[in-house]
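As structure tokens, here come the structures.
Heads up, the next two complexes both have chain A, just with different partners, chain B and then chain C.
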Partner chain A sequence: MNIVGISACTSGIAHTYIAKEKLIKAGHEFGHKVRIETQGTIGVEDELTKEEIAAADLVIIAADIKVGGKERFKGKKIVEIPTNIAIKAPKQLYKKIEAELNAKQ
Partner chain B sequence: MLKKLQIKKHALTAISFMLPLVVASGLLIAIGNLTGGTVIENYQDAYSIPSALVSLGVLGMGLLAPVISGAIAYSIADRPGIAPGLLMGLIANAIGAGFLGGMLGGFIVGFFVLFLKKHLKVPKWAEGLMPMMIIPLVSSVVIGLLMFFILGVPIVWATDGLTSFLTSMQGSMKFVFGAILGGMAAFDFGGPVNKTASLFADGLLLEGIYQPEAVKILASMVPPFGVAFSWVLSKALRKKRYTKMEEDNIKIAFPMGVCMITEGVIPIAAVDIIRVVVSCTTGAAIGGGLSMLWNVGSPVPSGGLFIVPAMTNPFLFLLALLIGSVITGVMLFLWKKEPAKEFTEDTSDDEEEIDLSDVKITI
Partner chain C sequence: MDINMEELDFSKVVSEDLIELELQATTKIEAIEELTNLLFVNGCISDEEGFIKDVMYREGEGVTGLEKGVAIPHGKSDYVLKTSIAVGRTQEYLEWESMDGNPINIIILFAVKNADSTTTHIKLIQRVAVLLSDERVVEQFQTLQTKKSFLHLLSQNH
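Presenting the complex of A and B:
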């Protein structure tokens, strides 16, 4: 799958970036192409492009706080989780997402 | 229902907005105080660079309640929440409801704006006016008046009751008096209860009574010192008590505490409010009681450790401060639970079992 997403945590200096790395790493193991935009205290980094969002099959928002720019994902399948799930159990997360998607079809 | 309201997410958003402000303002005050600055009373007169720094820091601390309130309302209701949220924070400041008043105002006005956005129907021609005029105005009027006249009343009562209570306690046992004053000054980390005790001490200072001022200074330093001490204990005894994020906050709170700024403890208290408040209040109360009992007085109302030499009995002051901080630290250390395991530094692929039943895909 093509997956795009956003990560953001409370202090915006550590967990935001750990969540991003974990989501990308575990995603690759499952054969997904993952792109994550970070919204830390420094501001938006690695901003998602229109093309990336258009090509995405799924959006993962891993955030403990309010994130900006959600309207870009209108009509997309969205999974919203706190950052600790992405950090502690990214593989279980991907398995659960697959199970949910299969259940919907 | 509660889960749907996402109270925690909104509060965390506010904290993430507030952190850079508290750190910058706190350090401005600290640097200014260190270099001999004081708050500028009259900007028409000449003033020094250190005084300008202190004053900017104090102005920044004054922004705390509005920023908390504005960020909570923004988190709940998106952009239309910001303006009314900031206003509710200003009301909290004005009526003396401080940081807790700001949180309360932010939540109420945020949900009210969200309600208006969803349910207020206007004719087509007026739709452009909704975000620009109707929502900010209606929400500010309704919730603003609620804050001023209804939510403000119990806070004013509490403040009045406290002052008369304190005054009546004056002649009786010194320890009890010092303990109450110290406990109050530490109770809400620079909030309205602290300000009441603080104002009372400052008032007595003008009357030439120096002891309450020493209690106030002590009680402002016990929470950051106590929290830092509990962290040192947890490191020394290899028993984890704080998450990485909390440790970072403690490292900021301690130097702020040296300069008598208690607010650095707020981020640590916010995630574990009962344990931290009770421990800090207890330590400050005992330290304050001892300081009063030992007749320590301070002719200077503010300045933290740097003005200790100016006190009537610096040694006994430091002893009382130490005892209070150790009590707070030990209480926190024994009472706080080990935080949930962190996997921040762990790069292994082992995963713990986690409940994913809330993970839902929405379109």
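Presenting the complex of A and C:
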């Protein structure tokens, strides 16, 4: 799958970036292409492009605060989780997502 | 060349002076206090009490214990003079909420200036966070014996 997402935590210093790395690494293991935008204390980095969002099958928002620009994902399937889930159990997260998607088909 | 430059940069946020491998703390707050004192005597923060308050505020917002005994408490605070990282290891494992439910003995305390206009420092902190997203790196922390080896692991390119 093509997956795009956002990570953001309360102080925007550490968890935001750990969550991003975990989501990308675990995603690759499952064969997904994952792009994560970070909204941290120094602002937005790795901002998602329109094309990336358009091509995405799924959006993952790993955040403990309100993220900016959610309207960009209108019409997309969005999974929203706290950063802890992405850090603690990224593989289980992908398994769960896949199971849910398969159940719907 | 690039690598050397980055290593140089890294010494701006952490040094052997900010590493203490024999913390006496037996509780979470004591560990944070000891590391805060280290930051204070090294001129990284202006007020210990104020900084601890900001760190504890962040603690209240969510779990900072990662896995395998490593925790990353952090304070973004007006009392920080210089964005830095203090690293400590306790003799005993501390009760500390963590991602894997295990107690903590290695504490990496991030002190971040509230309005850090120079993003370079925060970028370095970010790099440590990224480093800690790798379970193998986190595991390695438990095997290190010297301040130098801690410094080396923290500054390694990911």
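Just so we're on the same page, the second predicted complex is superposed on the first by the 105 of 105 C-alpha atoms of A that agree within 3 Å, B and C clash if a C-alpha of one lies under 4 Å from a C-alpha of the other, contacts with A are read in each partner's own complex, and residues count from 1 in each chain.
One rule holds for everything that comes next: a residue touches a chain if its C-beta (ideal position, glycine included) is under 8 Å from a C-beta of that chain, and two chains touch if they have at least 3 such contacts.
Source: prediction; values computed, not measured.
Partners chain B and chain C, brought together by superposition on chain A, clash.
Touch criterion met: A:G75 reaches chain B, while chain C stays clear of it. Put chain B and chain C next to each other and count what each touches on chain A; the higher total goes to B.
By the touch criterion stated above, A:K50 is placed in contact with neither chain B nor chain C. When the shared chain is aligned, chain C comes close enough to touch A:Y17, but chain B does not. In the overlay built on the shared chain, the residue A:D64 is in contact with chain B and with chain C.
In the superposed model, A:I97 lies in contact with chain B only, and not with chain C. Using the contact criterion defined above for the overlaid structures, shared-chain residue A:K88 touches chain B and also reaches chain C.
Contacts of A:I42 after superposition on the shared chain: chain C is touched, whereas chain B is not. In the three-chain superposition, chain C clashes with chain B only at 241-249, the remaining stretches of 61-69, 115-123, 205-213 or 241-249 being clear. Overlaid on A, the two complexes show chain B and chain C touching the same residues of chain A, namely 9-12, 14-15, 18, 41, 64, 87-88.
Of all the residues in chain B, the ones that touch chain A in their complex are 9-10, 12-13, 15-16, 19-20, 74-75, 244-245, 248, 343-344, 349, 351-354, 356, 359-363.
Those residues of chain A that touch chain B in the complex are listed here as 9-12, 14-15, 18, 41, 58, 64-66, 75-81, 85, 87-93, 96-97, 100-101, 104.
Put simply, chain C touches chain A in their complex at residues 58, 61-64, 66, 72, 74, 76, 99-100, 110, 112, 116, 119, 122-123, 125-126, 129-130, 132-134. Residues 9-18, 20-22, 25, 40-42, 64, 82-84, 87-88 of chain A touch chain C in their complex.
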